[in-house]
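Chain nomenclature is as follows: A, B, C and D, assigned in order of appearance, with residue numbering initiated at 1 for each chain independently.
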Amino acid sequence: MLGSKKKYIVSGDSGIKAQIQFADQKQEFNKRPTKIGRRSLSRSISQSSTDSYSSAASYTDSSDDETSPRDKQQKNSKGSSDFCVKNIKQAEFGRREIEIAEQEMPALMALRKRAQGEKPLAGAKIVGCTHITAQTAVLMETLSALGAQCRWAACNIYSTLNEVAAALAESGFPVFAWKGESEDDFWWCIDRCVNVEGWQPNMILDDGGDLTHWIYKKYPNMFKKIKGIVEESVTGVHRLYQLSKAGKLCVPAMNVNDSVTKQKFDNLYCCRESILDGLKRTTDMMFGGKQVVVCGYGEVGKGCCAALKAMGSIVYVTEIDPICALQACMDGFRLVKLNEVIRQVDIVITCTGNKNVVTREHLDRMKNSCIVCNMGHSNTEIDVASLRTPELTWERVRSQVDHVIWPDGKRIVLLAEGRLLNLSCSTVPTFVLSITATTQALALIELYNAPEGRYKQDVYLLPKKMDEYVASLHLPTFDAHLTELTDEQAKYLGLNKNGPFKPNYYRY
Amino acid sequence: MLGSKKKYIVSGDSGIKAQIQFADQKQEFNKRPTKIGRRSLSRSISQSSTDSYSSAASYTDSSDDETSPRDKQQKNSKGSSDFCVKNIKQAEFGRREIEIAEQEMPALMALRKRAQGEKPLAGAKIVGCTHITAQTAVLMETLSALGAQCRWAACNIYSTLNEVAAALAESGFPVFAWKGESEDDFWWCIDRCVNVEGWQPNMILDDGGDLTHWIYKKYPNMFKKIKGIVEESVTGVHRLYQLSKAGKLCVPAMNVNDSVTKQKFDNLYCCRESILDGLKRTTDMMFGGKQVVVCGYGEVGKGCCAALKAMGSIVYVTEIDPICALQACMDGFRLVKLNEVIRQVDIVITCTGNKNVVTREHLDRMKNSCIVCNMGHSNTEIDVASLRTPELTWERVRSQVDHVIWPDGKRIVLLAEGRLLNLSCSTVPTFVLSITATTQALALIELYNAPEGRYKQDVYLLPKKMDEYVASLHLPTFDAHLTELTDEQAKYLGLNKNGPFKPNYYRY
Amino acid sequence: MLGSKKKYIVSGDSGIKAQIQFADQKQEFNKRPTKIGRRSLSRSISQSSTDSYSSAASYTDSSDDETSPRDKQQKNSKGSSDFCVKNIKQAEFGRREIEIAEQEMPALMALRKRAQGEKPLAGAKIVGCTHITAQTAVLMETLSALGAQCRWAACNIYSTLNEVAAALAESGFPVFAWKGESEDDFWWCIDRCVNVEGWQPNMILDDGGDLTHWIYKKYPNMFKKIKGIVEESVTGVHRLYQLSKAGKLCVPAMNVNDSVTKQKFDNLYCCRESILDGLKRTTDMMFGGKQVVVCGYGEVGKGCCAALKAMGSIVYVTEIDPICALQACMDGFRLVKLNEVIRQVDIVITCTGNKNVVTREHLDRMKNSCIVCNMGHSNTEIDVASLRTPELTWERVRSQVDHVIWPDGKRIVLLAEGRLLNLSCSTVPTFVLSITATTQALALIELYNAPEGRYKQDVYLLPKKMDEYVASLHLPTFDAHLTELTDEQAKYLGLNKNGPFKPNYYRY
Amino acid sequence: MLGSKKKYIVSGDSGIKAQIQFADQKQEFNKRPTKIGRRSLSRSISQSSTDSYSSAASYTDSSDDETSPRDKQQKNSKGSSDFCVKNIKQAEFGRREIEIAEQEMPALMALRKRAQGEKPLAGAKIVGCTHITAQTAVLMETLSALGAQCRWAACNIYSTLNEVAAALAESGFPVFAWKGESEDDFWWCIDRCVNVEGWQPNMILDDGGDLTHWIYKKYPNMFKKIKGIVEESVTGVHRLYQLSKAGKLCVPAMNVNDSVTKQKFDNLYCCRESILDGLKRTTDMMFGGKQVVVCGYGEVGKGCCAALKAMGSIVYVTEIDPICALQACMDGFRLVKLNEVIRQVDIVITCTGNKNVVTREHLDRMKNSCIVCNMGHSNTEIDVASLRTPELTWERVRSQVDHVIWPDGKRIVLLAEGRLLNLSCSTVPTFVLSITATTQALALIELYNAPEGRYKQDVYLLPKKMDEYVASLHLPTFDAHLTELTDEQAKYLGLNKNGPFKPNYYRY
């Protein structure tokens, strides 16, 4: 559970209000704040790249209409009013965003083509609660092309791209989401998705567990017809395992968060790039020659270390797990305790999934101009609260960058107030989102079509063969040519020619 | 089962007679050739470093005594004759080798110290069948220090270091092994270990499964008292899984081959270095600018690719598994089919665990001076047999290096006749052997002390906690300092402060 | 002169009007456009990081005063009006920027301390024409601390940071510069620096050659008292060499552009980072697995290739120089002609210093979504003009990012309209500017103090010993500890213990 | 004999007696020891690869003829006896070696073809003194094909490959060299080359300066007809610069040692590989996680550091030159003084060209099992002599590997007794030798054909254009495709389309 955990947070105008429940947080669902940002969004609406004059951003800005969407009467061009979005007239702009996203999500497009004939989701009634972005739209339209009916709400009150929501509504999708929902709006939207006259969902696609929770709480009978839940967030998965443990999970659930392909891209490959991007955009620092300590050598830590080493930084690693520690050694990093190097390093990066990894005591001992940031989990890793004391002065020097100044003039540079650097201060490439969306689509197909008894009331990892299939759909992006086993070779290895190719414990 | 499989073979003067049974080989145990080399040996006896004038090698050479050890009457200084080695008088030389090995195996020495007080193997009667080298001797003496009684035979007819066997015999270990055993000798030695008046083993430590097989065949009743089997080779593990599948496994067995630490060291880290070493020692080639195709991107392939890329080679990869293929792409390698690049590459390296990956057709199309070698599995990957045709001329240009010459003068450079390059032409660092030996010791302790019912008649992976312990014992070598969880952190993460730290599906 | 050339350009609001004269441009000085951006600026005013809400940027924005500074009557707090800046009242904000810059320019601060006692520039009257930024201010105040009098103008009509100019004026520096000068303003400011009653410069610090040109043209007699010119830009150096060749150079000039330390930082080390930063900020692309062709393997190309290779891209190189080509091979890059790979690559990067390296023909053959950008020189490398034809549609998708769309729908992504990516779309770390400024300071000290006859009317490289000194002043940043030669070793090597340590032809 | 044959230097049975004169050695030529090994030799005679059963080695071994070649009467098949070699009958074996070398030296073969028509060396009478190996033979036969007459002696008493010398003699070359010359033999052979009735050399090709010295001393009048000297060793070049400084150089000399191509290959690229090879062959150590200090960050140090970093070692650097020190920092290495890390490192590598870099004091403080070796220069860098004290025990554990044992049991592992590791314990690829030989051939052509006055009585670097030509001849090896300038581009850059492409101070 260490090092590999990672979660996505999105900043709103008034700052991030992210919150991820974890082991020691006995959240009560109906009291929890709902303005939660769990997933990063596509680049075009990332808050951290406000210098990008995407057309989306520009026309969004002009829609300064303050009327609540709930109070508006809107119809799409076909006369339907089964949706609630900011402004249906923005549909054309949103359509353009979707078309651009389609170009960068060839796997979903391929899926549409390959599976379209047989309509593997014919009869599926999917209720979804995710970020509403162009990439999500490509997913929804793919599900639709495969035969499914969909109803959708946003999993985050800030992350909806209004134009995309409008485009979806215009195309006939019942979408209930806009940017800047209130908490009440949030649950209202979800309710509008599930509480429909004459329509009952039989599949759930969730991101964070709020939709699942709402149905559990309000419409438990609905589960009788539900074939399964697909959940992609760490938090949502955690909740599902808790339900399962408590014997309360009443349908099969698929944990797509831990599929190999998704994990490697969300953590290792994506962070290898975003650590550099996040640091550069916020501080314009030079990496060469800098001394860096990376706390945690899971996938995220491995990615950060590899990138910084390649850029000429001198990297130290801290770890609690001896196996990961040994890997750090063999990969060429000095394994230290944080105290040993805290006085000398130029940058401190946390990637542990743990809390209070960087304490006030550490912060007190850092040298002047030391940069402190978090790539790991939520905002617990650095004890930022401990810096809110009278003797320290905070100075906001840029968006996402604070100088915290000690009485003797020493200042440390705190990024994103200790929240996730890569999500607050860099962007997530569409390619990564494509992998996630493809994984979700395949999980839905699998659960919906699985023969009776294949899945019980438990939480499952995506079958390896589907994991492999997601990967194979993304190979053409790289003009990569896979080799096929001959019959003789397949027999020799005892493998099916179409996979799966590895035992379950294989570590990649 | 791909890419990650790897096996060790040792060459004798008269060539390697290695043979690894795999899926399609229905071997009958009592007919199979026994002169099998399965594991690599320590550097001091490696056939590929005959330029090293280790003292061991030199005094070995002088012992040109042709009498069979079975016909000799030997006693150690305490009067015991319960052993059979080449020459008990070489004990002193062997002791020196053991002492040197001890310096490089700090984990076993630490284990002796830490566990000695409680003698966790008190009462254990271990029969072992492994390579007999200085490193094995350190393992045996550690087991003894922990309270066990041991009897030992060699798992390979060529690999015994006679001086070390003598030193063990002199110290009172019943050892039955010498370099150059006949097939009959091989089984005789094993039999002498198990067929003893008044002594019955209760633990088995096997490497390749021959010992286990012998007991199954000759003394099945012995299993009533046996608490478990520890097996470390791919082949032996494969046999155990077959037994288990067939319902014939009558004691718990521990598959130590697939422990995380061992796998990473045997495959990724060791091969990252030995691919360079093996190529350099045999061909003295320059790596910079060379075009290389690596077949297979499992741990071995990953290690080979990383090393060659770092040395300035241009590396192409072939794969059958789309996930590994995607990893190759993200790591910066062009994923191709072998046919696409076979005409242009300077080096072909197989790391697949498969057979006939490089066919005669490929070989026909390679360019002049192309180097072909195998890092993967046995000698099946390159279809060497297809080169034994009249129109091709073989020219032995060095030990382990053949030029195969086509009628038009084109020559390819075949290394180690397609057997494993890293074992035939480079050496295995003691550090790697130390990890294996420590893993074996811990597996024996675990199986021997496990409460009734923890292990059934099945094949188990080493418990993660012990895997982590093996790693932790090797950290001091790197002056590496592990961080400990605070109570608060452990609670937050829901972990025990002493581990295990990861879920079972964690991929490292 | 290839590959290693690099120049800096700054974009103004209305687009970049950069222009660098080169071999084939017979510019006449008095006709040339003056709105030239030659040097990159510090991060805080970089046009490419408008998302950074530096305090400077924010208070700048509020000063929407449209009166020309030339028409204002301003005095500093000491009553002086020998300056012309936007608004003297912004001095306090500028001082804060300067203080922050001081923290990051320890070499200049060390120089102040070390050389202050002796005032090596006592009596020096320096007229300067450079970008006016916080870093320049640190340089000017250092020169002043060393004994010099300074008068200063801007070398670029857009690049002046008004607050910093105000702070300098407040401190008593005669500064004539503001952001948004007209061409007439530009020359007026320069003239106000040199045409002063009762003050004649004896040293020139120039960046681009405009100041030097102005004095040549208007006040040639002034050169009688001038001890030397220090010039740091490629363009300015080129002009000086032309003057020297034509026998018209009448004072010694120091080419600080080609000092080892400056070159390596401006080119290799800085570009190694800025290629990633520039691509990421503009496109949010993922580097892993991407196919990239880098045109030119000089220092800039080497930096780009190393960074992209480390991020998992597959990199091809084109070169005209066989030595650099061989280096590319040995460093692990396929050396190709652009035509060979143009259809398959995802990114094209030019780093040649040449023109028309990427032609319309190449652009026509690129695949959909190919990204095209220039890291090399000016905007000549990509034939952007050839894309201004009716059948192609240009779509501005972000600041600095255009989609150029072919009739069949194919689009290429053109960054910064073919101008320098790293300057348009990323930033230059203060550390790099620190090296440049230190080099300038030392060159001034050297020229001013050189004994008669050491320098003739020619263009000189910075003496190696001073180059080494610049490097040594920056080592403390990395907590780097230099080893000193013993007397015996110095004698053995035939070296002075204080350097210089290498022959002139040494290549580093 | 193998695909990538290689090279050379040189251990004798009783160890290497290499000696390089440097600044503080006022050697008197006629007193200096002559059994000097200055250059490495081909692998086939390398003492460190005695496991290679090259046919050459084997037939050499069988020629246990103890008669001095000087006392033998030998004729080649054409009746000539103008040579002195070990055994003319070995010619056939030597011819085979030469033919194999030809395959791997395509640049010289291309030179034969390209320049053959015009015979640019027609009339040249070249006297040479170099190592006599297959690669040298390819050079000599190339020179001959270009029109030159050659006479040749060995520059090292141990390095001659007798079979190759025989093959050259059989082909009509007057060769005077054998393995195992006495000092008297050495000078006698040189004298036989120059002191010939009716033949006077007009070109000198020297390696170490002994031939040049002999002519200076014995036949100074000969210089009247000599057009130039080509010298390739550090030592020889040093002597030439001393002669030049003293005004005693009476013909032009070409320093080919410092050509760009040769330097990069001999130092950076070759050492990047040989540091790994040398350490592996001698110690079988694992690189991953090891702490290494590299003394000196010139080209050799850069190569060593890059390779070890890539293999997962943690590398520290020491430097005396601040510029190289700053490079080390930016490349990601901690710059330290040796004392700071000497207690903790696992390996110490010297690459300084200096003396007493590692002192007894350092050696005393190293930890147990620390490996110490020299990649830099001669055997002065490690103060090996200081270890020859009674309290320390030396134990030879392998060829080229000594354990030096302190009274408390601590042992350090000293490689090659402090002589050059890469030459004693690894090999030099033929590709590197090919570059050197091509450079020599081009330098001879240049000096021989230069118009009167181009070269004066001074030491010159190889003209850049020829340096570029050497590189271009080696590009086909990598299937590398050079781009050509268009006329327009060449004009823009002010360059000739055929080069040279860079200013003299360009640093590559």
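Here is the rule we go by: a contact is a pair of C-beta atoms (placed from the backbone, for glycine too) under 8 Å apart; a residue touches a chain by one contact, two chains touch by 3 or more.
Protein names from UniProt, one per chain: A, B, C, D = Adenosylhomocysteinase like 2.
Since this is a predicted model, take the numbers as computed values, not measurements.
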Required steps from subunit B to subunit C (each step between touching chains, minimum): 1
Which of B-D and A-D has more C-beta contact pairs: B-D
Among all other chains, pick the one whose mean CA position is farthest from the mean CA position of subunit A. D
Between subunit B and subunit D, what is the gap in Å from one C-alpha centre to the other? 40
Can you compute the centre-to-centre distance for subunit A and subunit D, using the mean CA position of each chain? Integer Å is fine. 58
Multi-chain contacts in subunit A: which residues touch at least two other chains? 269, 288-289, 311-312, 329-330, 334, 478, 480
Hey, which residues of subunit B end up touching subunit C in the complex? 288-289, 309, 311-314, 329-334
Which of the residues in subunit A end up touching subunit C in this complex? 43, 46, 48-55, 103-104, 269-270, 272-273, 276-277, 280-281, 284-291, 306-307, 310-312, 344, 368-369, 396-399, 401, 426-432, 477-480
Subunit D contacts subunit C in the complex at 22-24, 258, 260-261, 263-265, 269, 299, 318-330, 334-338, 340, 353-357, 380, 461, 467-469, 471-472, 474-475, 478, 480-486, 488-489, 491-495, 499, 501-508
